[in-house]
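Next come two complexes, and both contain subunit A; in the first it sits with subunit B, in the second with subunit C.
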Partner chain A sequence: MSKFQRFLLKRLAISVLLTLIAVSVIFVVLRLLPGSPFEALVTSGNLNQEQIDEIRAMYGLDQSIWVQYVNYLGSLLTFQFGYSILRSQPVWDVLEPRLINSLILLVPALVTTAILSSLLGMYAGWNRGSRLEKFSIVSTTLLRSTPVFITAIFFIIVFAYNLEIVPALGMRSIRATPDGYIETFASLDFLHHYILPFTVAVLYYSGDFLLLARNGVVEKRGSEFLKLHRAKGLTEMEQLARAGRNSMLPILTYFTLRLGMIFQGLILLEVVFSWPGIGRELVLAIQQQDYPLVQAAVFIMALAVILANLLADVLYAYFDPTVSTSGGGSA
Partner chain B sequence: MTLLNVENLKVTYATDDEPVHAVNDVSFRIDEGVNYGLAGESGSGKSTVAEALLGLLPGNGTVESGTIEFNGTDLTSLSEAERRDVLWEDIAYIPQSAMDSLDPVMSTGDQIAQAIHTHRNVTDAKARDRVRELFEIVGLDPDRIDDYPHEFSGGMRQRVTIAMALALEPDLIIADEPTTGLDVIVQDKIIDKILEIQERMDSSLLLITHEIGVIAETCDELSILYGGKVMEQGSVDNVLVNPTNPYTMGLKNSFPEIDEEDEDPVAIPGSPPNLNREPTACVFRDRCPFATDECGESHPDLVDLPNRNHRSACHRVKEAAQLRRDAVEPETWGIPDEGDADSSRGEVILETDALEKHYEQSQPLLDKLRGEDPDHVKAVDGVSLSVRRSEVLGVAGESGCGKSTLGETMALLEEPTGGDLTFDGETYEYYRDGNLQEFRRKVQIIFQDPFDSLNPRQTVRKLVGEPLTIHDYRTDEKEQAIVETLEKVGLTPAEKFLDSYPHELSGGQRQRVAVAKALVLDPDFLICDEPASMLDVSLKVNLLNLLRGLADAEDIGIVYISHDLASLVQVSDRLAIMYLGRIIEEGDVDRVAAQPEHPYTASLLSAAPEKDPTADRTRVLLDGEPPDPVDLPSGCAFAPRCPKAQESCREAEPAIDETGDERHRAACYFPESEADPTASEATALDDDEFPASANTDSVGD
Partner chain C sequence: MSTETKPKAELYKRVDALWTTVRDQFAFLRRDPMAFAGMLVVGAFVFLGLFGPYLAPHDPIEHTVRGDGGSVLRLAAPSVDAFFGTTAYGKDVLSQFLAGARPTLIVGLFGGLGTGALGFTVGVVSGYYGGWVDELLMRLTDLTFSLPFMPMALLLLTFMTPNIWLITAIIAAFLWKMPARVVRSEVLSVRERTFVKSARASGASDLRTMLYHVAPNVLPIGFLYTAYGVAWAIAAQASLAFLGFGDPTMTSWGRMLRQVFASGNMRVAWWWVLPPAIGIAAITTSVFLIGRAYEEVINPEIQTDQ
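Moving on to the complex of A and B:
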């Protein structure tokens, strides 16, 4: 077994363990919450005790907590999320479209901003003290520190209401009745709705990447190996590329971290743009104590973060040759 | 034919206050196929010259005036793109710190291939072939071209940069301190390699270093720089044998050498000049003992000395012969000659008996569960030493031999894992069980780096006074204790320094503060871990003399740890040579230096360069690198690299008293004294006496 394989195996084992812990925490926390999803039904007086018992038995809530836990683990880990209590629909049928909607908005935004702002940040760091550097830092910090809904509302006011270039709300126009994802997303109407939230998301994420990349390059700029690269006759841009390559680890870390968190959606953005994403759905589900839905959503989010971390470790080993041989420098 | 012609080069650095004039009117010329040396202390502008040649000056540095003519074209007038074409194709560069001048995330082979691809239009396969060839030339395994820099040791990384410099067979190679920071043995091998290759390629070499010895051995011509000015230049034989400039004389006299311990090195007092203005007077005037009024009026021009390749910038160049005679006397430089102070040694203050420090290696979980014994790194493995009062014990060895760990274990900063340590009549257990504070007061350690070991936010008063507060020692007369100690270490007048911060002091002064910090508690024992390795040669000698004086006057025992044998020989009474955690030779310093018994000691000694260019020295180049300390070979640890190793060496390990007597012992079955048949004919078999040491003359006590 090579060193890298052992490293990978170790990481995998840790990921599995983390998933188990996360799942258990969800289980305990939800049961610690006061009240139950059926309370509303009971207090409205429409159900008698027998019916309540029947419903509880249907959801398995009459069994001992340990049996519930084991059943819960088994179902969750086989991706059987059960039935939403309030929507009377399989949980996955509720979650899936929302999740896809969120991802289709945020993943391209994150990737775009990771590439563009990192490159810009590297360039700014290389030209330290230039106007470009100062301007880019100030503007991205401003965008980052303004709450995203304010930026969003500002954009809506300017581009949707004043200039009337794009629609203000929703993912598709009200009249559209698309069937399936391809029809939903592969249309000009969607693009029309998409462009504004996408831009806001890009701007929102940009500051962190820009600063990380800039700091990395500034730090590497005076280093001896760059001097040798310069002495070798590499052009300015080639040198910058090496400096950037050497400061990639923090950017990578941050990217994978954010990638994991995208599965939680960007609630404020979704609310402002009435984007039917997972963030909004989750808030709703928590409010109404829809156990199965919340459990499934939180599980997916936790799993995403854990997998993203695993991805980070693997990418580390690829991008930093010192990691794999020292048996996990990122641990 | 002239390859490089530098004329009246002036370089300044812009700073927040006023520009720093780093290089002022430097001119020199390198002919084809010539090795040229550029020597000087730090701050002399030698690296700035190299950076100006390569166009690598940092953003705030500008070439104010002057021309750099290379093969007939003026480099300073080239555009950025034109200069890139010249770089590496014609002028290659070997950087200073091999440890961090290779790109950590690019394989070494790719980095060399990158240099080839930048300048030549060749296929990948061809470039790779060339890289393999280059690896072979510099003595690296060609199968390792895909390895990353962190998989190589320091010496091997320097070989990679040399291979890189050779890739396009340039006309000129600029090597900026290529061996600083490397061990003597590795340094010797690298220099040998550079010379060998350069001879084969017939390129010129510009070697920049502060080690006169390295220049004396490798170069044909040199310039001595000081304060951004050329003080003296010409052929190495003339300049170094008969210097005509007081600075060269001072520099040469302060370079310690192994085989002249009767002649104390003489340091140049003072510190380098402030270069905030263009020099109007002789830059060396403030430190020069021969300065006259004339020297204050103008900086002397370089004057050709008749009938030889030799130029010197000194107003009193005509009196050079007389100055030269005076310059060897310490009094000339205002240093009181303490003479050979009474070095009678007191009783034993610290003794170790089979002291061990093993580090456990982390092991896989599975092995831990199975209860397998983890591997150990035996950093210190059974070291028995004793140090008396007023005695300086030198500990020498390559990096990684465990000498620093030994120092830290002796200071109980690391807990010993075996063996005994007795200090001042009490055992290690006594101190460990509640009396550590007392031990900490009596035993002080001075670390390697004076730049890092002082808190930058504390004044000298606070720095030196802090130990007093911690140990509640002389607290009622604190100020007086601080002043006394500062004066003891030569920071006079002490009042001038009390309120300074570390960044306001020079490197030598900082190290003195570090020494004062240790001495303020009136310790009985001092452990110095490479205290001089970051200092310029004249500062180094100052520190060595200071420590020597302290040992004699204050009656304290000192352990001086270093890889620099020449300075160890200067300062020590006894010398212990360490290899892979063990002491392999130990004895009185003159006997070890003059008549080494262990082959390893012999090769260490022979690796130190000579400052006299006429002297010949036979190199004993050791093969390979020290073995992995986790998985030591059985028998003598040195056997795999030893030129004399026999079967018996690999079977059983020789004990320290295998050869020799109390005053000089060595762990070797085949000591040097027995190997040389002419020297040891008579009494080699019964080795009570050392026949060869009787023949050597310069051995003095």
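Moving on to the complex of A and C:
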């Protein structure tokens, strides 16, 4: 077994272990929660004891905590999330469209900002000390450090309320009754609702990529291989392209990590724009104490992070020969 | 005599050196106009956090603003009666804004300090000892990375009554991983330097080596991440409050925004939205700008020419 394979195997084992622990923590936290959605039904007096027992048995709540735990582990890891208590629908049927709605908003935004901001950052780093560099750093710092819901509120006030160019809320207009994903997303109405949250997400994440790219190019600027390229007579732009290519790795790693954290990072964005995504659904489910829905949503978010971390570590170890694969390879 | 004056002289020298450091830092920040502006904002914010509640003309929650005829002024635009206008419940926005700085300051300051201190300790111990200690602590950071902060915080706050210290503790408990990783990787390189090895060789204990030889060399990056921790804590607190999981007994900027948003008055009541929104944006950005200015100095790799 090569060194890289051993590293891969170890990293994989750690990820599996982390998933198990994360899932257990979620289980414990959820069982600690006082009350249950059934209490509202019970206190309303519409159910007799037999019916209550029946419902509890249906959700497996009459069994011992250990049996519940084992059942829970088994069902989560096989992606059987059970029934949403309040919507009386399988949890996956509730979450799947929400998940798609989140992905269709956040993934294109992250890709766009990774490309545009990195290019801008490289250019800014090359022209260190220029007005463009200073301006881009201050403006992206402002956008990155301000909580995303505040940026979103400002954008809504300016573009939706005052200029009235775009709608402030939702994913489709209330009258639209699309059937299936293609009809939902392939329409001008969708685009109209899409543009504002998309822009805010792009701007929110621009800062990190810009600074990573800029720092990478600044580091490379004095290095020997660029002197060689200059001596060879390459133009400024060609030199920048080579310096930029050599600072791609941290950006790629960072992109992967961000991708994993995308659902949890933009919960507030979805809430402000009333975007029917997984983050907003989670907040609603917590408020309504719909545990099966909550645990499935948190599980999906945790899993995304664990997988992305794994991928980032492996990419890093694979592409960067200077990283020791014997452990602690993540930057 | 001399035995007594010597430690004293030593003390003076240390105080003097400390004072010089503070002055140097100040002079350094003056050179970077953005960082200097950030420092002014932070100063104003700390002032508001300390004295804001006493400056507030009315009680932010109890007092109801009334017009000439004694009727409650709801959603009134800024006027002589209420400089920043009133909320949908007839409360004075200016008073809420002034009082709301305090919880933001408390969570930001202690959340940031807690994040920095915890992360710094874990990073130094993990990097210094290496081996199974390192493995264990780093897997622990992996675990806190994989438990999504916002959902977990929301869950925890549903079964514990939110109060400001609990929120601070939750934030620090989730954010320490950031400085821990960075400090650890710094320690890994410091550990191999000659002065650390010679300290060990001359018989210094692990604790002494860590405290006197390793820690001071990674302190700057620890401070930097403490500063970022402050900004993260403020943003996290505002976000939690905006979702309705803030301390219900205190007016905070995030809570003000929640009330505008939830009452559906964002469209009209710009005077109710802008003060807390600008407040939060200004303080988080300022802390980051100061941090950035330091990062340029601390990170030797980006100090090539210029």
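The criterion applied here is as follows: the second predicted complex is superposed on the first by the 309 of 331 C-alpha atoms of A that agree within 3 Å, B and C clash if a C-alpha of one lies under 4 Å from a C-alpha of the other, contacts with A are read in each partner's own complex, and residues count from 1 in each chain.
The rule is simple: contacts are C-beta pairs under 8 Å (C-beta built on N, C-alpha and C of every residue); 3 or more make two chains touch, one makes a residue touch a chain.
These numbers were taken from a predicted model, which means no experiment stands behind them.
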Which superposed partner A:233 touches (first subunit B, second subunit C, both, neither): first
Of subunit B and subunit C, the chain that contacts the larger number of subunit A residues: C
Subunit B versus subunit C as contact partner of A:298, first or second or both or neither: second
First, second, both or neither for A:278, with subunit B first and subunit C second: neither
Which of subunit B and subunit C A:76 touches, first, second, both or neither: neither
First, second, both or neither for A:317, with subunit B first and subunit C second: neither
Contacts of A:114 with subunit B and subunit C, given as first, second, both or neither: neither
Contacts of A:225 with subunit B and subunit C, given as first, second, both or neither: first
Those residues of subunit A which subunit B touches in one complex and subunit C touches in the other: 222
Complex contact set, residues of subunit A against subunit C: 14, 17-19, 21-22, 25-26, 29-30, 32-34, 128-129, 134, 137-138, 141-142, 144-147, 149-151, 153-154, 156-157, 161, 215, 218-219, 221-222, 261, 263-265, 267-268, 271-272, 282-283, 286-287, 289, 294, 297-298, 301-302, 305-306, 309, 327-328, 330-331
Subunit A-facing residues of subunit B, complex: 54, 56, 58, 80, 84-89, 92-93, 95-97, 100-107, 114-115, 118-119, 148, 150-151, 161, 164
Residues of subunit C that touch subunit A when the two form their complex: 34, 134-135, 138-139, 142-143, 145-152, 154-156, 158-159, 181, 185, 231, 235, 238-239, 242-244, 257, 261, 266-267, 270, 273, 277, 280-281, 284-285, 287-289, 292, 299, 301-302, 304-306
Contacting residues of subunit A [partner subunit B, same complex]: 222-225, 227-236, 238, 242, 245-246, 319-322, 325
